[in-house]
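Each of the next two complexes has chain A plus one more chain, namely chain B in the first and chain C in the second.
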Partner chain A sequence: MNFWPVAKLTFTESVKERFFLGMLFIEVILIFFSYYLSELAAGDTVKVAMDFTLTFYFFLTALFIVMVTVSTIFRDISEKFIYLVLSKPIKRETYLLGKFMGSLMTLTFFLLVSFFIVSIGILGISHFSHLVVPHVILVERIFVLTITLFFMGMLLSSFSILFSVFFTSQTLATVVAILFFLSGLELSSVKEIALSSKYVSSLNKLLIKIFYYVFPNFSLYDIKSYVVHVQVILPPIYLILIFFYTLIYTAAVIFISNWLFSRRDL
Partner chain B sequence: MRNLLFSLFLILLSYPLMEKAMSLKPRVEGTSKIYSYSYERLVLTFPTLKSVISDVLYIQLCYLTGNDVFNQWKERHFTEEDYRTILHNVKVMTKLDPYYFDLYYFVGSYFSWKMKDKDELLQEVNSILERGMKYIDDWRLPFFIGFNYFYFLGDKVKGAQYLKKASDMEGAPYYLKLLIPRLYAQSGKYQLAVIETAQELKRVKNEVLKKQLERRLKVLIYLRDLNFALERFRKVYRRCPNSLDELVDKGFISKVPEDPYGGKFYVDRQKCTVWTTSNLRPVKSSTPSSQ
Partner chain C sequence: MDVLSIRNLKKRYKKGIFKKEEKYILKGINLKVKREIFGFIGPNGAGKTTTIKAVMGFIYPDSGEIKIFGKENTDVSVKKKLGFLPERAYIPFSISGKEYLDFCADVYEIPYYERRRKYSKLLQMVDLLGAEERKIGSYSKGMVQRLLFAATLLNDPELLILDEPMSGLDPVGRSIIASILKELKEKGKTVFYSSHIIQDVERLSDRVAIIVNGEIKLVDSVSSLISKFISGYTVVYRRIGEASLISKELKREELSKFLNSLNKEVYEIVRVEPKSLSLEDILVSFIKGGEG
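Coming up: the complex of A and B.
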């Protein structure tokens, strides 16, 4: 448990950042924005508002974890705090693990607060919508989405650590992590369309397949339709599977990050 | 403090410049053109935003349709080509978010009426609704399909089949159950109409509906028997009878029964079938409640 002091410090520092409160504030603003957008649609406006709110929730979580993880490592390097830590009997691997765990703790706190904001926001929108047939809102499903977002954040945080260790520029690490996330989201759709198209050559199909398996599949964590539509069923085994997928992939990326970090000149 | 005031003054100074620039900015007028969207392109551009894109396209559709309905584009109305594009776009939207009920409701309740003379488009509407039935458990989807079949496409048997599906679903209004046998009867499927009504009668618990079904069953049995008699007459005399009295005179039936709805049975010589003047609806003078 040597990583605990680093994790605790990372958590307290990240939560104290204005960025943390700022993201929550943006989330509240975006919920209001979702409400006004939904009013433009005829019919079930709550469905439209939920789509927008949950999409913002999804992307804000991704952006949050990338920014927190990358900035916490680069802050330590730029403020020379890392030398102070590594001069103590703490291994580089332990330090990195501490950073990862601290980021996850911050993410957990962020998601818990967000869950309450999003749930209250959606219930509020539903209350003010006055639909003849009310849209069914299952708060427990928003919680399930929050859990999958935690898994997504876990995997994305590990990749953010990898890029932070690999690149020497904070901006570059952030941009690459975000692009990597977007690619991971996109590839399952690309594969689905490309493989069923007769206009895509066999070579390109093979390349897409390779990319599909090399990149992590972030679309697994996108279960918004399950939250919005009560008819959509999600088997519990799905959550178990994505939990283990996340665990295995994250462990692998953390190991690679440790290996790179142990060879990096600070 | 002086600096702050000076900054505020500068910002205030910028407003007239902004207003002047805005007045000179080339304007792009709102267009009534309807663009066709590709599912593949939308999915590739916004993979995780499928449902949001579906929402945005639906909002745009509401805006365009609203302008058309309320005659906002003075220069034109939707053309057939526009309706074809709209239908294509709705198909794309339902592919993006197949659980979005309002899209099916839009095509079923609005689009069908606008394209009521275009059988090909109505068939396409029905295929969209049919696909929607896989995802949404709502009686209105089979109802719209059934309605399109019997009202616009003139296929009463298919219409009755879909209305039957709709009437068996939760939340369906009870009168659908009365409509199904009528459609079967109107399309000459009297035996089917009788069976359907008799089965429904066994299932129904609502006393008011039970009474209505009993009355309808009676009329349907009369209609079935009279039409059977008419068929036998045709086989023997190789012509259509002039009236029901001729069937009585020749001994095919003992007497002309009375229509419980208050109408009169008659021979429709054009189709050579027996029908009733009540059209399977209570004739006003015979229903005390409606007087």
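Coming up: the complex of A and C.
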């Protein structure tokens, strides 16, 4: 199963799109914006500025991977490029895997550049605010966050592929993928509130539990507080566990996507 | 062995909100293509592209069998010997021509040391040498079509399936593609292509199939088809010993009687010219026949 040509082309195509540079440009703007927003907040303005920056980093990464994955598949299908690809000795599942790997390669490049931008931004904020946290610890923690964001992007990319294969409208697939991400992000808080509430019926509690276990839990990847607050400790096993969580979930979603895609008329 | 064989190919689409309405796009297509240039013609919506999509495995037929080189059309190994060009194809604008060729070469596992020579040869063939480093976004429609055609030949395919290969091309581009098709025929390759430019089909094809409303109406060689559709003759003759020529147009059934009468009298026959229907006229007559 040689997915490399498709992955390489997807990567080449995606990083040369204006969208790629545009997202990095937005990231820079938002870091500046975070600094000024923090001035308006009460309390520890440095922590608020860092929190804003990392929140933008988190959501921009999610938006980036959804847009890249959905658009690369939909463009191929609507503009018939997929006919050129599948007329060659490439199976449908190889194509989809190539698209997934290409999107991940694009994400890796985006995260590498973003890591430098965000680190410089955060170090800048801490420098101007005379923060006592050593820079090396901050950069190291931003790097750990970047790794978890890669895992999150991996899972989100697989779901974006699933929605791209399932829906026939690019807008619908994009919107559903983003809503799915937001739901997965909030589901654990909803579960906590619902299970501890006496006003929620036992049937609804059960349904929420089922949803909680079926839906991907995107809040696992949100380790902003670990970067902002030095006293928060993240055990290495956490990273190992979310790696396996991502791997198993992603493999299952890609498998379902392939099953759907292999039965679809193009 | 047939290069391409299609047996009883049927495809229907479901329409309406609840998909209860059904419409057959292909109503049992049967075709056999040997080592030849085979033209596939028909009006818009007749089922040409649907047939090609089914052959390429992009859509799944409701029934029927498609074999390429004796193997199932969905067999990936078959595609190593195949080249395909869809109608109005697109390549991502952000990549260069060479990057697209690299992609094709990666798929066919063409070694790096061979690529440069192959690219030069093919690009020269389609008059694009020197344009390969430019982004596709800066190419004209015709250039994209020619690049795609060149890329289609990268694996030296035994069978070429082309959906409207001349669309979007100017006369020079059409002539380039036509001469390449002739060259491929000389090399013993098979070309199966659809086109709405009937003059090209008439000029290039060994055999043609006419499809109307999802049904194959006729499969024949171009020369035999045109001779079958002779509508009449023009007889040019003169009185023996005179210089001035007389011409008369006759219906097909009137010819032999008229020639006999000329022989009996003092006339000599200078020439007899058949008045054939062009392939376009034949196609139009089938379309009108289908509608009426």
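Just so we're on the same page, the second predicted complex is superposed on the first by the 254 of 266 C-alpha atoms of A that agree within 3 Å, B and C clash if a C-alpha of one lies under 4 Å from a C-alpha of the other, contacts with A are read in each partner's own complex, and residues count from 1 in each chain.
In this text, a contact is a pair of C-beta atoms (placed from the backbone, for glycine too) under 8 Å apart; a residue touches a chain by one contact, two chains touch by 3 or more.
Keep in mind the model is a prediction, meaning the values are calculated, not measured.
A.B. asks: In the superposition on chain A, see if there is space for chain B and chain C together, and answer fit or clash.
C.D. replies: fit
A.B. asks: Identify the partner contact of A:T12: answer first if only chain B is touched, second if only chain C is, both if each is, neither if none is.
C.D. replies: After superposition on chain A, A:T12 lies in contact with chain C alone.
A.B. asks: Does the superposition put A:E79 against chain B (first), chain C (second), both, or neither?
C.D. replies: In the superposed model, A:E79 contacts chain C only, not chain B.
A.B. asks: Looking at the overlay, what does A:S87 touch: chain B (first), chain C (second), both, or neither?
C.D. replies: A:S87: touches chain C, not chain B.
A.B. asks: Would you check which partner chain A:E186 touches, where first means chain B only, second means chain C only, and both and neither mean what they say?
C.D. replies: first
A.B. asks: Can A:L40 be said to touch chain B (first), chain C (second), both, or neither?
C.D. replies: First partner only.
A.B. asks: Answer with first, second, both or neither: which of chain B and chain C does A:F128 touch in the superposed model?
C.D. replies: Touch status of A:F128: no partner.
A.B. asks: Of the partners chain B and chain C, which touch A:W4 in the superposed model: first, second, both, neither?
C.D. replies: second
A.B. asks: Once you lay one complex on the other using chain A, what is the shortest C-alpha distance from chain B to chain C, in Å?
C.D. replies: Closest C-alpha pair between chain B and chain C: 25 Å.
A.B. asks: Can you name the residues of chain C that touch chain A in the complex?
C.D. replies: Counting only chain C, the residues touching chain A are 53, 56-60, 76-77, 79-80, 82-84, 86-92, 94-95, 99, 103-104, 106-109, 148, 161.
A.B. asks: Which of the residues in chain A end up touching chain B in this complex?
C.D. replies: For chain A paired with chain B, touching residues are 37-38, 40-44, 47-48, 51-52, 55, 58, 185-186, 188-190, 192-193, 197, 219, 222, 224-225, 228-229, 231-232.
A.B. asks: Quick check on the complex: what are the chain B residues that touch chain A?
C.D. replies: Listed in rising order, the residues are 40, 43-44, 47-49, 51-52, 54-55, 58-59, 62-63, 97, 99-102, 105-106, 135-137.
A.B. asks: For chain A, which residues count as touching chain C in their complex?
C.D. replies: For chain A paired with chain C, touching residues are 2, 4-5, 8-9, 12-13, 16-17, 75, 79-81, 83-84, 86-91, 263, 265-266.
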